[in-house]
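This report concerns only the one structure given below.
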Amino acid sequence: MPTLGQNQYGKAETRVVRVTRDGAVHHVRDLNVSVALSGDMAEVHHSGSNAAVLPTDTMKNTVFAFAREHGIASPEEFGTLLARHFVTSQPSISRARIRIEEYAWDRVPTPGEAEHSFVRAGRETRTARIAFDGEELEIFSGLTGLTVMNTTDSEFRGFVKDRYTTLPEAGDRVLATDVTAVWRHAADAPDWDAAHEAVRGHLLAAFAGTSSSSLQQTLFRMGSEVIERQPGIDEIRLSLPNKHHFLVDLEPFGMKNETADGAVYFAADRPYGLIEATVLRDGAPARIPVDTTTP
Amino acid sequence: MPTLGQNQYGKAETRVVRVTRDGAVHHVRDLNVSVALSGDMAEVHHSGSNAAVLPTDTMKNTVFAFAREHGIASPEEFGTLLARHFVTSQPSISRARIRIEEYAWDRVPTPGEAEHSFVRAGRETRTARIAFDGEELEIFSGLTGLTVMNTTDSEFRGFVKDRYTTLPEAGDRVLATDVTAVWRHAADAPDWDAAHEAVRGHLLAAFAGTSSSSLQQTLFRMGSEVIERQPGIDEIRLSLPNKHHFLVDLEPFGMKNETADGAVYFAADRPYGLIEATVLRDGAPARIPVDTTTP
Amino acid sequence: MPTLGQNQYGKAETRVVRVTRDGAVHHVRDLNVSVALSGDMAEVHHSGSNAAVLPTDTMKNTVFAFAREHGIASPEEFGTLLARHFVTSQPSISRARIRIEEYAWDRVPTPGEAEHSFVRAGRETRTARIAFDGEELEIFSGLTGLTVMNTTDSEFRGFVKDRYTTLPEAGDRVLATDVTAVWRHAADAPDWDAAHEAVRGHLLAAFAGTSSSSLQQTLFRMGSEVIERQPGIDEIRLSLPNKHHFLVDLEPFGMKNETADGAVYFAADRPYGLIEATVLRDGAPARIPVDTTTP
Amino acid sequence: MPTLGQNQYGKAETRVVRVTRDGAVHHVRDLNVSVALSGDMAEVHHSGSNAAVLPTDTMKNTVFAFAREHGIASPEEFGTLLARHFVTSQPSISRARIRIEEYAWDRVPTPGEAEHSFVRAGRETRTARIAFDGEELEIFSGLTGLTVMNTTDSEFRGFVKDRYTTLPEAGDRVLATDVTAVWRHAADAPDWDAAHEAVRGHLLAAFAGTSSSSLQQTLFRMGSEVIERQPGIDEIRLSLPNKHHFLVDLEPFGMKNETADGAVYFAADRPYGLIEATVLRDGAPARIPVDTTTP
């Protein structure tokens, strides 16, 4: 006989934009909010009775109403408000999980004192995941789609060769990746926006500053930089696709394609390497699920 | 001090197509294969030494070589061969995880006895995940992108109303979803292709045959149908986005928009409901991770 | 001084689904409708006065209202109704262009006499473009995303070799493409749905039945088949990306990778060949714009 | 009898990255290049003879070889080199059309004097289209994916109301769009990169600085700013989707949602308005095809 296992339901991808005005200076927060609730939901699965089911449409309404009522201080704080609300206000709900993506906007200068014009900043998305079970609150911060490249100071040598290995060793290669990172503060951050900006800076600095013998080494340096520089952060998981840039063979055309002198690369799509790891503060527990950053 | 937690690396999305010939009758298997390996990899993260690192390029080569040497009987069997190979042949590797997507092709008739023409079948993708740790083998089968719709026999009534609820009850609505399913056989399937086809049929039949009071009820019927009809399957997880089709308000134009008589719907993109649950054979353990089917 | 050139405005991508009931047997038409209008619109560009501007929101409403009032006999007929409406009812509008995509649904059997369950049929999309300027009506029918593959009977030999040519000749290769086609009937089709189905069949048959020395030859056979078999069709434009399937070099592993015996291919993403051409009935004018099928 | 009409063939989406070194300071150009050639190609369509066909694989090789040999001064200049090469070196080719997308990278600071680290700059893509027929050279510059938003100084009032109009007038709305622009210099630009940067700046400034009564008015101001400020540019075509941000109705929850005080918007996906127009220098010919910027 079939029985019901873990289940959850919710409204995914509510696109809410909040604009606040400080005189002629406007501020924008632009979020994509997904809500998933679980609890005592056996009845609706078995009989179809919705007596314990808050409609997902209501979750959407709640996102908009909360954005108006409480504002959006940060994705982490907004998600926490929502998670607490659903668990504490609905008897049938024992766990809420909120996922948020935030899109950043830079200012475009306008004439005079007004500041109400914006341009979308980059391809990178800020992320947050908030879970609340009535007692414990768990918050993961993150980002995805931060595309970076080093045009030198990367090599790949001394690797294992088996029967199927044809790759030549590389002493000077392009290293490019799309950073996905998820990190966890030991306690609430005093300032989520500042913490996010700081982590982003550490990731970029470590990527740029590491002379890399392998993408794993670069990953570990990136994670370590965050742990070392941000005392409040105990854990970070990184997922780094190796966006291969292959040095094109131009010998058939009588040309040398040398890195020292205007080299030409083919930027490949698939397949790609994928390097993933968690870096922890010594002694800290690993709480970020392994699959959180996997595509 | 930063320490290394869980880590894995591999080659993602190797696109391999194998064509076999049975006289003038050709057969095709078209896969997207991702490999992730883990084991004793501390050194490469810390010092950059690749002495224990099999290149991801070699994994790609292995996928192609194995497709040639062993053929592709099914995604599950092909993935199992690969997972066993990496763990047993590489001293530094203790766990391999293989993810496969398969794209199906239907035949296009050709004149005479030849059968070598094909057309891509539908938007649906078959999936398989295989993990091997040297002892235990874990196989999940699945599919994603199976888009279905019932134009009646669906209602949504008697739900919880709170302060933020504005949704009216619906006695006759369109129910549409993109099925993502992942299931687990208690033991190896005798015939993976036949089992896959059977599960697909059960999912469609249960979706079509359920008079639905909520999408949760439909989901549970779909999962139960699979468990009841396939004695070899112990667990299935389903993720069903509620692709909302809103009855358009035509009253401002002096029209009634009634379901009984040529109703017109707006097919919305975002936000969407998202219903997820596991259905188990009574007594069977839940092994499919909750996030496996979450977008 | 800047002056205004060609301009148009409209509502893009209104997603309308119409369900009609023939007793317990339901029928579905699922469209994505884009409207673009042009006419005497200088004022709104210069001064911002909307006195001649029908809101794009109204165009959306009109799509829904017309689907209810007139039904959707076919994309071509529905688009014609809309195009005529905007031009004849709005004094400021002299030209309407309607673009429609239609998504097909196959039936899923339901118990008893009911037929109200559907599954999305394939990745292929039917297209239609309708333009009306108050006098002349122009209708283009089409399809996009029809993915096909021949696993033999394709070669590529005897081509030009210049200084940059390294490609070896191929005597037996895989030929795969995503068909995009746009065609034009000399007059209104008596039955647009039947005509569409017939063209699709001719395209598939010609692709499957052509022993190909180049993709251009296959393209011309596909177009010719349509012109020869459909007396009402005077012109067809085809865009065929060459989805390269490269025979993998397995010699480094001591294997031969021969087409006669289970060959293994790498399905590449980018770059890809792109072959485009118009085929006309002898003497017919070329009216389908060249860029209509270009990505 | 079927006859051959306009036809072209080529290699699409060759992804070439060129890295030049100025001591420890590196420079990157990252392009996606598509080549389409046409000429005397009847034979290959009719008989399959490739005697006049330069392989598309050779076009890909040529892109890489030219990047090495000539460098990439700008997309416009690189495309011009390629277009001239194919037409002048291949007797069967009478017209070449090159399409280029360029992805921008910003610098990430590295320690010391080295400058070889980069981060992808924004979602915006620079575009260029170059056509050469042996005599005349035609160059269009452009950009796509520049996402901008004004949170006030936009209204939409005084529009036409017909039977299907329900939209209320808006005195203070959010105006957001993804700018696609294609422009034409009267002659070769002295500095293509500088011209591109200048146009981008004019577009942003005009969008930000226009108090908008309709998106058409904003579009015309954006185009006019370019024509007025860049004497070398004679024509620009703009395509501006109206990315609707709907003020959410919060009255059912007893809240006012006022723009003056922290308003909350729903960012909608589909349908969307789409405003397109060409702006010309007085007396200049319109040469940019109308469909160039249409999705």
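Quick notes on this structure:
First chain written, first letter: the chains are A, B, C and D, and each begins at residue 1.
Definition applied: a contact is a pair of C-beta atoms (placed from the backbone, for glycine too) under 8 Å apart; a residue touches a chain by one contact, two chains touch by 3 or more.
What you are looking at is a predicted structure, and each value in this text was computed from that prediction instead of being measured.
Pairs C-D and A-D differ in how many C-beta pairs touch across them, and the larger number is found at C-D. Annotation: the chain B:chain C pair of sequence copies touches via predominantly the same residues, more than half of the used numbers being shared. Using the average of C-alpha coordinates as each chain's centre, C ends up farthest from chain A.
Each chain gets one centre point, the mean of its Cα atoms, and the points for chain A and chain C are 37 Å apart. Centroid to centroid, with C-alpha atoms defining each point, chain A and chain D lie 29 Å apart.
Mean C-alpha positions place chain C and chain D at a centre distance of 23 Å. In chain D, the residues touching two or more other chains are 14-15, 61, 65, 164, 166, 252-253, 269-270. With chains as nodes and touching pairs as edges, the resulting graph is complete, every pair of chains being joined.
The touching residues of chain C, when paired with chain D in their complex, are 1-15, 34, 36, 41, 44-58, 60-62, 65, 89-90, 92, 156-162, 164-167, 212-214, 216-217, 219-220, 223-224, 227-228, 235, 237, 241-242, 270-282, 286, 289-292, 295. Those residues of chain B that touch chain C in the shared complex are 14-21, 26, 28, 30, 61, 64-65, 67-69, 71, 105, 108-111, 114, 116-123, 146-153, 174, 204-205, 207-209, 245, 248, 250, 252-253, 255, 257, 259-269.
Partner chain B is touched in their complex by these residues of chain D: 163-164, 166, 252-253, 269-270.
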